[in-house]
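The structures considered in this document are given below.
In what comes next, subunit A is part of two complexes: it sits with subunit B in the first one and with subunit C in the second one.
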Partner chain A sequence: MRTILFLLVFLPLAGALFHILAGRHVSRRVVEIVACSSVAGSFFMALSALLALKQGPLRVIFLRWFEAGDFHAAMDVYYDPLSAVMALMVTFVSALIHVYSVGYMRDDEDYARFFFYLNLFVFCMLVITLADDLVFLFLGWEGVGFCSYALIGFWYRDEANAAAGRKAFLLTRLGDVAFGVALGLVFVLFNRLSISHVTTHATELTAASATVLGLLLLWAAVGKSAQLPLVVWLPDAMAGPTPVSALIHAATMVTAGVYLLMRLFPVVLMSEAALSAIAVVGVLSAFYAACAALAQKDIKRVLAYSTISQLGYMFLAVGAGDVIGSMSFLLSHAFYKALLFLAAGCVIRALHEEHDIFRMGGLRGRLPAVFFLFLAGVLSLGAIPGTGGFINKDRILVAVFSHPHGAFKILWLAAVATSFLTTLYAFRLLFVVFLGRSGQSVEQQEIHPIPAVMTRTLWPLAFLALFAGFMNLPAVWGGEEWLAGFLGGVPGTVPHLHISPGIEWFVAMSDGVVALAAAALAFVLYGPVESTRWRAVFIPAQTVRDFFLSGFYLDRLYQAVLARPYMELARILWLKVDEGALDGCIAASSRTFPLLGSVLRLWTTGRISTYLLGLLVGLTVMLGLLVIRFYAG
Partner chain B sequence: MIPANLLSLIIFLPLLGGLVVLAFRRHPNPCRWISLGTASMDLFLILSVYLLEIRVHQAGDWLIVEDTSWIETLGIRYSLGLDGISLLLIMLTSFLGIIVILVSWTQVTSRVALFHFFLLSMQTGVLGVFLATDLFLFYLFWELQVVPMFFIIGIWGHEKRIHAAVKFVLFSITGSLLMLAALIGIVVVHGSQTGHYSFSLFDLVGTSLSSNLENWFFAAFLLAFAVKTPLFPVHTWLPDAHTEAPTAGSVILAGLLLKTGTYAILRFAFPLFPSAAGVAVPVLMVLGLSGVFYASWIALAQKDMKRLVAYSSIGHMGLIIVGVAAWNAMTLSGSVLQMINHGLTTSALFILVGMLDERVNSRQLSDYGGIWRKMPVFSGFFLLFCMSSLGLPGLNNFVGEILILLGTFKVQPAAAVIGFMGMVLVLIYVLRLIQDAFFGEPRTDWNVRDITGREALILVPFALLVILIGLYPHPFLDLVDGPVRNLVLETGTAMNTGAM
Partner chain C sequence: MMDSGWLVILPHISLAAGGILIFCAGAFMRRRASDIIPVLAFASAACAGVSSAWIDPGGPGFLGMLDSGGFSRFFAVIFSLITLMTLVFSHHYARDRGFAGDEFYGVLLFAALGMILVAGASHWLIFFLGLELLSLSLYVLIAARKNDPASNEAALKYFVMGSVAGGFLTFGIAVLYAVTGRMDISAGLGSTMTADNRAGLLLGLSLVMVGIGFKISLVPFHLWTPDVYQGAPAPVTAFLSTGSKVAVFAALLRFSLCSHEAVWAYMAPLFWGLAALTMIVGNVTALAQTHLKRLLAYSSIAQMGYVLMALLAVKHGGASAVVFYLAVYALMDLGAFGAVAVLSGEDRERDDLEDYRGMGYVHPWRAGLLAVCLFSLAGLPPTAGFIGKFVLFHAAIQAGYVALALVGILAAIVSVYYYLRVMGILYMRTGECGIVPRTGILGDGAGMMILALLLLLGIVPSPLLTAISNIVSSLSH
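And now, the complex of A and B:
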């Protein structure tokens, strides 16, 4: 088991090492094979570890990392059902996306650099998933931030890409500050930084320290998962290659934030305030991003905002106390969002790097396979009844609706409204891109052939997107909630919600109706039959659309309030304060200082070298004395 | 097994080599080879000490001491001592001693013999500072290191070298003259109390001083060391000195001279005047953290790459001061490790900027852009050291910083929280540096080659050390563990009584 877990975590790192040391000197074929097989190997390890996980959670130490005083940091893993499921998802999606990338990056010259970062990313993500020591987890946490930075700016010759990468790193690190402070607090409170220790002793926390800790963890998670107010980096992150968007900015890294909250859930559970804050942040982000997604024109930006929105649901679920609901949603989201991104990547490739959905259109006939794959993703994202996406979203909504606190009913309403918007933008995307008349881009150009390896890897994802949710089919509909049962042992989880069938049916019906209504509306507005009358009624004015398109001008606000003043002040601080006032002050005080004054006079008469010479002579005499003593004594 | 005067040999071997080099004034290449040979021999000596002593290593003990009478009438002795902390620092010194010679191989072409003489005598001064346990001897070495640096900047520097060199010397000697006065002061007080005049650190520790006097003495010592560290707000000499110095000078400044400041604070200033130090802890923390924020902020606005790295240096040293001020086993270990880390990372960055300067003859960021395309291997190294500088886990700086910050959190949570926020400011300027220099399209169509074999030889050891310390810092932390425990035990208690 120890070996299996070791290989699970470190195989991708070995791959990364290979690329950086030898990647420039071997053929593309070799790089491809090493990259894919290291991640695939990791996946098989995850699978066999899962099958071997019988005797409860397991803690394995690989290496004592560093120690000082009473502080110990170790490289270790804590393997429990939660991390087992997460690791399986991460390695599975990563492996598929590695294979996809072989096709997508076929013509790129910097092949080895790409797979270096990608493999390194998988390693860091697995560290987040499995680490027991929070400092080790932090290694993964910052590591994925670095990889994300490097991969967003992968095509660095365009400054905009590099700037987007920089922004992502910066905003996620704003969250990391809270992580660091949380480390300090945990260390003071528990004297150890091990997740297994913290979660088993969480009940000893006082309400106040649990609240502070919970809020710190929330802030850390907000940075990584691009929730309000640190959302602005994720839409820009789409500057990276599409496989990167699918892997890092949809399926895995961005979920690390909410995963952290699940992993340390017993701590969060101790604080009512922290839970509510998590739920509120989740709902607000979900609603905000769904609005923004409705107005986007870039296919990848629609999906990016959609990711923020869906992550909001996961936060909401954690805030409502339902870790299992959040986790199942996370898994299902990983599948359909990776699928949607990768399918979008096929479209973009086929249309020679076209991103604007209004220049696409009518692609159903030209790219039938991609259409069906995309359809599967949209159905699941739109939570159409009968898909896995619906089942998982339903569980969250039931948990929120049946929450004992009355205010959660408001959150439920907001969540349902967001559901409506979600289905609306999902189908808008589908209709605009694949149905209707052919757009300019489609008519003018030949369709660029897509390597078969790209579409083939999508079928397993499509299957899982549609059906993975059935692992958690509630008893009301004859399901067994297998996943919930498996995760049940994780501290703080509630495997079965025990809600009366009436409520369950009510929530499910309302959600289903909302989804179908939104799909119908999307058909009317964006479907193959143009209806100007309905559009006039439902499509808001240009100013509102611009407001949504820009993400509520949040980015511009941060630029004006934070980034630009910071830059300006840096210049002022340097020229006016440091080289002006401060340096001037010291020079002036040195003139008034008698001792220094005399030294200064030495300088002004050009005799500083005389002084130094004197010093040197003095030293020589002293040392001479020593030598004499040495031999005389 | 170990020769009796091994420490003296380690200290004076470079100076001896320097004198030999002077004899080859017309032959640059022999100068380089002799210097390299001397420096390598020194590193070999130190490494053999490390390998031999590590086995009989007792927690906190002085591993080797040397003690000879010198100027008996004044109670001055020639005494040296080596413990884990100084061992680590002299390893860094001799390692960088070799590096600077390699770096200057093609960069310095005028007055080669004199240059190498100064490099080597500089090394003797720094080694002496790290090993002296007699205060007078320490003072001599402390001053000795200023002289060669002055000439290195003043003769081989860039455009405004004279101004920078003079500023450097003025700042240094102002501080050290005050320290000399305080040093004589404490010896006199100690002598009048015990009737035995001594400059030995071990004798002087524990001298009872009136709190007023102790505060003044501590302030004088601290000023001397703070200038060298440099601590905000007496740092203003550093950007000039770094910018104008040749690469070798910058490496010595960042890698070694600054370390003598923090080393002296924890070896001399705190143990000699514990209760005054206890009172000064909040001030030091505030100044250290101000340094982190202030310097990191200003670094963002820099146009000259060397100046940018220089300001980053001030920020990093500020955090080391925070760690020293918090004075517990975690933070002290972190601070000592961070001295090494900063010595490696910042030196590497200066070397890289120097290599660019050598190719393009400019240090202005605006002249660069798109380097990645032209020099991928070089850029990879640069990225690695930048990530090290911003404290990416898995690389060296993270270990030191997290120890300092978590350890500080235990005694002063607010300071630690502010320290964590500093992480973001560091990130901002580092990312800007990378973006402006390496990304985008090349702004000028200069034709440059990627790194040469000699350059790789310089950079690879740095890279390996950066990764080794990041992933497995035990060999380094184990060395400082014992001495740090002793410092905490002896000085820590006295500090607390002072603070109360």
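And now, the complex of A and C:
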């Protein structure tokens, strides 16, 4: 088991090291094989570890890292059902995306650098998933941030891409600061930094410290998972290559924030306030991003806002106390969102890097394979009854609806409204891209052939997107809730919600009806049949559309309220304080010390007599001091 | 019992036999000597390292003269590694400059034997013999370039100073024997202090400290260091600055651990003053240097000051910090002087700082070795030097020497300036620095190994630290 877990974590790192050391000296094929097989190997390790996990959670120490006083840091893993499922998902999706990337990056010369970052990313993500020591986890946490930065700006020759990378890095750093503070607080409160220790001793926390810790963790998660108010980096992060968007900015890294909350759920559970804050942040982000997604024109930006929105549901579930609902939704989302991104990548590649959905259209006949894959993703994202997306979202809505606190009914209403918007934008995307009247520019263009490897790797994802929900089919519909049962041992989870069937039916029906209604509306508005009358009724004015398109002008707001004053302050500190005052002091001291040095240098005359004198003087002074102490003491 | 006794001196025998064989080869096999001799030297040093690393002789030691515990074995491994690295660095260097004869290699092995004896001695006589063997060999090694006046001058200076310091040391040992009546080191230093022997003990120890202070170049006994380091061939400087200092410091650590509390209470303030003076003078004087070898010489003086600071904490569990830092220091200085050796042209030593202008672009790997070693000497993460400094200052502060630690930290801050100045010359400016001929796969390999070890220990120090604290705890009981 120890070996399996070791390989699970470190195989991708070995791949990354190979690329950076030897990647430029071997052929492209070798790099591709190493990249894919290291992640695939990791996936098989995750699978066998999952099958071997019998006797409850397991803590394995690979390496004691450093120690100072009470402070210990180790490279270790805490392998429990939650991390087992997460690791399996991460390695599975990563392996598929690595294979897909082989096709996608076929014409790029910088393949070694690309696969280096990609493999390194998988390693860091697995560290986040499995680490027991919070310092080790933090290493992975920063590592994924770095890889995300490097991959967003992968085509760094274009200034805009580099700027997007920088923006993502800086904004997620804001969250990381809170994580750093949380680490310090955990050490003060528990005197240890081990997740297994913290979760088992969480009940010893006072309400106040649990609230502070919970809010710090929330802030850290908000940064990583792009929730309000730190959302603005994710849409811009779409500047990276599409497989990167699928892997990092949809399936794995952005879920790290909410995963952290699940991993440390017993701590959060101690504080009502933190839980409510998590739920509220989740709902607001979900609603905000769904609105923004409705107005986007760039295919990838629609999906990016959709990711923010769906992550909001996961936060909501954690806030409602249902970790299993959140985790199931996370898995389901990983499958269909990765699928949608990769299918979008096929479309973009086929249309010569075209991103604007209104210049696409009518692609159903020309890209049939991609159409059916995209359809599978949209059905699941739109939560059409029967799909994985529906079943897992339903569990979240049930948990929120049945929450004892009355205010959660309002959150439920907001979540259902968001659900309506979600289905609407999902089908809008499908209709506009694949069914709509074909755009002018596309008509004349040749379809760029797509490598078969790019579409074939998507079949497993499409299957899972549609049917993975059956692992968690509620008992009301004759399911066994297998996944919930498996995750039941994780501290703080509620495997079965024990709700009366009436409520369960009511929630499911309302959600299903809402989804179908939204799909119908999308058909009327964006479907193949021209319907000017309905469009005039439902589509809002240009100003509102612009407001949505810009993501509520949050970027401009931050620019005006935060970035500009900060820059101004920085300029003053730089010119007045640093260059004016501090540099003067440093310059003065930097003149003094070398002067002193050149005086002392004269002591080394090069003559032996001086040196011998030094010996004698030293001895005399030493003896003199000893004599003084001898008679004094 | 006899068997385990012989196992104790297996590394010593291997080095001595290697040295004698090399001299024989030089005398009787003149034609093929240049091929055989380096191989012989390498093999016997490797043999010494392997036998001290893997063979645990157990038992009480050898005839009450040599310690056989983990402490001596650990240092024996370090000296074997230093010798191996020096052999690798000097292989091309010595051949190109025409001093790769039997005397160079043979004497190098005898010097290594001297180091192992000094660090492992549990008897004053062995300590003295080891030190004299080491010193005599070093005089020869420093003067290896017979036709170079700088080399000869350095050897002469080291010889005169060494003889005087050796005289003090011998006199000190004699006084200690006179008052305690014991030649056994731990028994002698551990004997309780009475009104009768107090004056004698302190006098003896002060005299011994002059000898030791000279060897590890504490201020004010340090003045010879820059001259000798500059004059000696670069691989010999690497050997001299690491091996000889680490050996004598290991002995000093043993004396401190053995010494009686009352004796220690008298000596500690002296060490305090020496440490503070060494850190300040070493670092500040280094600021004004324009030659790389002199700069590194002052840097190595300052480094010993840091270690001496942590030695004060030896009664409060600071010994493992000292041992760890000594190991790291050996790597760093070996790497730095080794880089000077592999970067030097055929005709002359590359010494003036200006000669290194833009070297980072012409020879990225060799200059990278120098850069990482300088980074580590400056104590910047993620190198081993950072962890080493961290444990040193941690030990000193734990033991209550906050003021001294503060002095050390300020001195270390000043030191960053001259280390980074060299980095700036290596990388920030471009200039005509000329291309250096290849130095063979071995030299580059050794450089890579040092580089990798420095980074590895900087990132994962825990295994070595744990091993060292086990070794040290076995010594103090």
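Methods note: the second predicted complex is superposed on the first by the 574 of 633 C-alpha atoms of A that agree within 3 Å, B and C clash if a C-alpha of one lies under 4 Å from a C-alpha of the other, contacts with A are read in each partner's own complex, and residues count from 1 in each chain.
The definition used in the following text is that a contact is a pair of C-beta atoms (placed from the backbone, for glycine too) under 8 Å apart; a residue touches a chain by one contact, two chains touch by 3 or more.
Given the structure is predicted, the values throughout are model-derived calculations rather than measurements.
Peer 1: Between subunit B and subunit C, whom does A:Ala207 touch in the aligned arrangement: first, second, both, or neither?
Peer 2: neither
Peer 1: As a test of reading the superposition: which chain, subunit B or subunit C, is in touch with more residues of subunit A?
Peer 2: On the superposition, B touches more of the residues of subunit A.
Peer 1: Name the contact category of A:Glu67: first (subunit B only), second (subunit C only), both, or neither.
Peer 2: both
Peer 1: Of the two partner chains, subunit B (first) and subunit C (second), which one does A:Leu21 touch, if any: first, second, both, or neither?
Peer 2: neither
Peer 1: One more residue to check, A:Val617. First (subunit B), second (subunit C), both or neither?
Peer 2: second
Peer 1: Quick check on the output: what are the common subunit A residues between the subunit B footprint and the subunit C footprint?
Peer 2: Residues 63-68, 590, 593, 596, 600, 603, 608, 611-612, 615, 619, 622, 625-626, 629-630 of subunit A touch both subunit B and subunit C.
Peer 1: Residue numbers of subunit A touching subunit C in their complex, please.
Peer 2: Touching subunit C from subunit A are residues 63-68, 590, 593-594, 596-598, 600-601, 603-604, 606, 608, 610-612, 614-615, 617-619, 622-623, 625-626, 629-630.
Peer 1: Please give the residue numbers of subunit A that touch subunit B in the complex, ascending.
Peer 2: 20, 63-71, 73, 135, 138-139, 141-143, 146, 149, 153, 156-159, 162-163, 166, 169-170, 173-174, 176-177, 180-181, 183-185, 187-188, 566-567, 569-571, 573-575, 578-579, 582-583, 586, 590, 593, 595-596, 599-600, 603, 608, 611-612, 615-616, 619, 622, 625-626, 629-630, 633
Peer 1: Contact residues on subunit C for subunit A in the complex?
Peer 2: 157, 160-161, 164-165, 168, 198-199, 202-203, 206-207, 209-210, 213-214, 220-224, 226-227, 266, 269-270, 273, 281, 284-289, 387, 390, 394, 414, 417, 460-463, 465-466
Peer 1: Residue numbers of subunit B touching subunit A in their complex, please.
Peer 2: Its residues touching subunit A are 68-71, 78, 140, 143-144, 146-147, 150, 166, 169-170, 173-174, 177-178, 233-234, 236, 239, 294, 297-298, 300-302, 328-330, 333-334, 370, 372-373, 380, 387, 392-394, 398-399, 402-403, 405-407, 409-410, 413, 416-417, 420-421, 423-424, 427-428, 431-432, 435, 438-441, 471-474, 477, 481, 484.
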